[in-house]
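Below, each structure is written out as structure tokens.
Below, chain A partners chain B and then partners chain C, in two separate complexes.
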Partner chain A sequence: MKLLPKLLGVLVAAFIAAPLFIVVPMSFSTAPSLEFPPPGYWLGYYAAYFTDERWTQPTINSLIIAFGTMALTMLLVTPATFAVVRHRFFGRGLANLMLTMPMAMPHIVLAIGYYSYLGDLRLTQTHLGVIIAHTALSVPVAFLILSANLKGFDRNLERAAMSLGATPLRTFWHVTLPVLRPGFAISALFAFIQSFDETVVAIFISGRESETLPRKMFESIRMQADPVISVVSTLLFAAVALVILAPVVWKAVRKRPNRDCARGGTPAAKDAAPQDVNPCAPSRVQLEA
Partner chain B sequence: MLSVLNRGAAAPGALKPWLLLLPLVLFLCAFFLVPLGQVALMSVTEPEFGLGNYAHLTSDSLYLQVFINTFLTALGVALCCLLLGYPLAYLMAQSSPRVAALLMLLVTMSFWTSFLVRTYAWMVLLGNNGPITAALAFLGWNPPPHLLFTRLSSTLAMVHILIPYMVMSLYSVMKRIDPALLRAAESLGARPWSVFRQVYLPLSAPGMVNGATLVFMICLGFYVTPVLLGSPQEQMVAGLIGTQIEEFLDFGQASAMAMVLLASTMIVLTVYHRRFGLDRLWG
Partner chain C sequence: MRDPYLQVSGLTKSYGSVQALGGVSLDVEKGEFVTFLGPSGSGKTTTLMIIAGFENATSGSVRVGGRSLSNIPPHARNIGIVFQNYALFPHKTALQNIMFPLDMRGVPAAEAERKARAMLDLVGLSGYGDRWPKDMSGGQQQRIALARALVFEPSLLLLDEPLGALDKNLREQMQIEIKRIQKSLGVTTIFVTHDQSEAMTMSDRIAVFEKGRIDQIGTPQEVYRTPSTPFVARFIGDSNLLPGTVLDPDQGLVRTEHLGLMRLPSRLAAAAGAPVTLMLRPESIHLAGLAAGVSEDAPNRADISVHTVVPYGDSTLLIGRAGGADLRIRLRGPEADGIGSGAALSVLWPASAIHAIPAV
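What follows is the complex of A and B.
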């Protein structure tokens, strides 16, 4: 492999990395407006973020809405996924299309729809309204992840349980659910993130009453007034880094004893290795921008 | 009546999937299809019934300009993502698993970081007191150019935000390319450049098409970054739709534009689907 393409690749990696990391020093800056490198460092804006109600309230709203979205999405998507994956029936293709369609919509189009429709229902500026809109947007991701997991499920396990006398409900609770737990967990996590990150629809429908964190950030960047935005950015980036790095570190830590084990002559404990979970495998393909 | 019951008893399996689907289907009808239908309806009924809003779209050159601008921007962003993403994906595909995993980690991290955070980061980078302006001034560009709120700043940020989609599409295709094919071409006497151009490039083309389609489609409806970083004189469609709602409460005109945007997105999807099949795009 020649040097030039390699060098180009490294440059692009730097292009991706630099903007991500620049927000970190900015958050400790004393400058009241955008200035890099920072003239001095302090923690004042962190204190401001955690004490200012104009920032804590949107954060709380976002958490409530994201948890609500996650719960509602899983409640609706779980039975639907079983239906689509396990049954052949008339209209299956249509159901499949409908469940993935919200993914292909530019969010600004839906934002107008929700603005007027949820407005008529008096649900704009309420948590419930935003939860409803976010659930519709989270359905495709949750469905795709869950159905991919369900397709790989060995139904003989259920047959074994049933043949041993378990009722369908008991089988689901004691066999199906535990086996699919990672799938459920990732599906729910994606629904949560989808809602917590969603900006465009929230800008139009969350209003002052149930303002979400992305809406507050958007307004704050638009006004260019509030240096607290760099603190929020750093915290969000740190959260992402933590969630992505945690499985990697965990894997590395857990792999080591296994390798020693193999070297010692005992068979490598393959089962002990955590399931390979690629955080980006079911890509967050959404026109959410 | 009896026959319905009988049929129900004879084939309970046919009913069960629909019972399981019912809650979600009802929910999506009420809170996805109806709001979407309302946008379509508003586009022909606000302020009065008829195609006036669409006629206005075609007669006013401002709207045409915005649509052309959006289209060209999306095309440019997709092209930049391809040109920049290709070397990185290539590097990942050619490196040791450890280096590839490290680079993938970086791409994933960027992918999951909120659009707003990345948009804000570009505001810092390109601001009047930012490092890039300072570097340009240091290099003798005096007075340094105003970089923020131009087409350049919004394009750069959009490329940065969307490049993970491109790299992931490319990498997933590239890592499946059999190195034996490249060795075969070499052993038959091909120069490194012809091996790349005649063997590697065509084999990686599906990834290029996937990535470019995704980036183009997302970019068509991009709201956040162009509004925050773009030039107010050169809005994109989504931004103009937002302005029309927020400032003029002109739902009819906004809805008509939204319908055109939706149709454009659907056309891109359909063309892609016809040629390659949608399953591949969602990967």
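What follows is the complex of A and C.
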């Protein structure tokens, strides 16, 4: 009985990972165009990616635009989320709808809209133009993540902080923000990834001047199937894996001392404060439990 | 006359069409431990939140030390609060939590830490300063919350059902602990609970809440012995409530619906014919022939047939029919030995055990 779900899990994982087994080897390939299996291996295309301005410039553009989008998104979404989640006001339902609406819109429709609208503002082919368009696309997801976090936030933490003498501003800074930090981080990360990954709108409005990496990849695969594409794909995958795995690894490393404690072993040195004889030692109070 | 330390007058609060408070007034002396006791939804938390400044009263005022709090924001009120769910900052250690109010007041770090550690000692958690809240038990978290609410020497300490989430043994231990700490610091305290035994054991005075109002304020003994409404009599302790009408106010005679004539210890401040409710605590009813010093004369007696026997170990609760109504009797120790369901008993009580609650 237990074998079937396990087998299914392995199959799904294999299916998802399958492209990697093709893309990663191809990035080290010596073939002049995308070709599998690779006839030989070298690092030439990695060198090409990091030195060729036709690749580095779109990468820099994409990073600038993604960071800009992330910053602008969070700047807009943070107050909007607090307003919509915490306050009752006229038009709240409408605000909620407008904040999530772009998610339901096909990107191609939005792209055409941005093309003419940003064109009028002379913002096509500029970083700012792409940032504005990407922000509109990032807002819904950032808003949804942040509002889910905020809804689960215990208001008594803020009440406690204020009763203890913190002004509303300091309460936000010392309590609300740090407690919601994971929510903010994930929200911002998604805004970043959304922008970095976005292709359709970028093709329409980024132009030569602010060409993004996905747009460059799209164009180069259309023209010549440049193997550098597999290099970029591999690097992107590695970056994402790193971002996702880092917190998991970090947590596993940090948790360990407590587990030792629970097992009755000696606590790790860094966990035992100088004045603390032994935090694992049973005491009057610990016997409560 | 000297002003009371905390003066709450005429608080009302409406949430739309819901009236949460319908005129709450009370005075609290400096250093006093007052408990708000009442069922869920009776307005205890709302009153506390208005005192703390997190809710605005629809009308009424709160004064501390003669000063109105109405224009003072929560962070400037110098009031310590302990919440039922502890509300410890999860990103700060126990010590950092306790230091927080001192940091907010600009106390130098070294002094703040010294004071925080002294508070840790006071709540019996000296070695726990570097623990994270999530690594502490409920009772320990509650102590840290208490230490945090006291370290800045608040002018008032508010506790909203602080022991509600703890199991019975730990609860009793914390009751004693909170009382000890409160006494040693002499801080004026308002403690909210819906548990009457908790209120009885901890309080200097109890304010009994019902439907957004305070029915009665008094010492535990006063609210227990002389409840001013049937609600208070029912909510605090076990009671027999006997509806009746005043027969002769000067002689203290009342005709009850079910048990006939009753004689009260003193004259009644009500006109003949006025409706009245008599309260008789189950433990002040005795078996006839066993009650030393209780007059065996009618009227304060009844014949009952027992239908339920509930043993409590140290005492036994008997419930029997008398005159068409149930009468609850609590007998101590071995007095109830041999009494089973179906037994016919003759019981009596001293006039002094009867308390008359005027009809409202």
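In this text, the second predicted complex is superposed on the first by the 235 of 289 C-alpha atoms of A that agree within 3 Å, B and C clash if a C-alpha of one lies under 4 Å from a C-alpha of the other, contacts with A are read in each partner's own complex, and residues count from 1 in each chain.
Definition applied: a residue touches a chain if its C-beta (ideal position, glycine included) is under 8 Å from a C-beta of that chain, and two chains touch if they have at least 3 such contacts.
The structure presented is a predicted model; accordingly, all values stated were derived computationally and were not measured.
K.L.:
Of the partners chain B and chain C, which touch A:G40 in the superposed model: first, second, both, neither?
P.N.:
Touch partners of A:G40: none, neither chain B nor chain C.
K.L.:
May I ask you to decide whether A:V77 touches chain B, chain C, both, or neither, giving the answer as first, second, both or neither?
P.N.:
first
K.L.:
For A:Y115, is the partner it touches chain B (first), chain C (second), both, or none of the two (neither)?
P.N.:
In the superposed model, A:Y115 contacts chain B only, not chain C.
K.L.:
Go through the superposed model and pick first if A:R159 touches only chain B, second if only chain C, both, or neither.
P.N.:
So A:R159 only meets chain C here.
K.L.:
By the touch definition at the top of the document, which applies to A:R170: first (chain B), second (chain C), both, or neither?
P.N.:
A:R170 sits against chain C, while chain B stays out of touch.
K.L.:
In the overlaid three-chain picture, which partner chain does A:G93 touch, first (chain B) or second (chain C), both, or neither?
P.N.:
neither
K.L.:
Comparing chain B against chain C, which has contacts with more of the residues in chain A?
P.N.:
Comparing chain B with chain C, the partner touching more chain A residues is B.
K.L.:
Need the overlap of the two footprints on chain A, from chain B and from chain C, as residue ranges.
P.N.:
Correct list for chain A: 279, 283-286, 288-289.
K.L.:
Report the residues of chain A in contact with chain C in the complex, numbered from low to high.
P.N.:
Those in contact with chain C are residues 154, 156-157, 159-168, 170-171, 174-175, 178-179, 181, 258, 271, 273, 275-279, 281, 283-286, 288-289.
K.L.:
Which bits of chain B are touching chain A when the two form their complex?
P.N.:
For chain B paired with chain A, touching residues are 13-14, 16-18, 20-21, 23-25, 27-28, 31-32, 34-36, 38-39, 42, 84-85, 87-88, 90-92, 94, 103-125, 127-131, 160-165, 168, 192, 214, 217-225, 227-228, 238, 241-242, 245, 251, 254-255, 258-259, 261-262, 265-266, 269, 281-283.
K.L.:
For the complex, which residues does chain A have touching chain B?
P.N.:
Contact set of chain A toward chain B: 1-2, 5-6, 8-13, 15-20, 22-23, 26, 33-37, 75-77, 79-80, 82-84, 86-87, 89-92, 95, 98-118, 132-133, 135-136, 139, 144, 193, 197, 199-200, 203-204, 214, 217-218, 221-222, 224, 229-230, 232-233, 236-237, 240-241, 243-245, 248, 279-280, 282-289.
K.L.:
Considering the complex alone, what residue numbers of chain C touch chain A?
P.N.:
52-54, 73-81, 83, 85, 87, 89-91, 100-101, 104-105, 124-125, 127-131, 135, 137, 139-140, 143, 145, 148-149, 152, 170, 173
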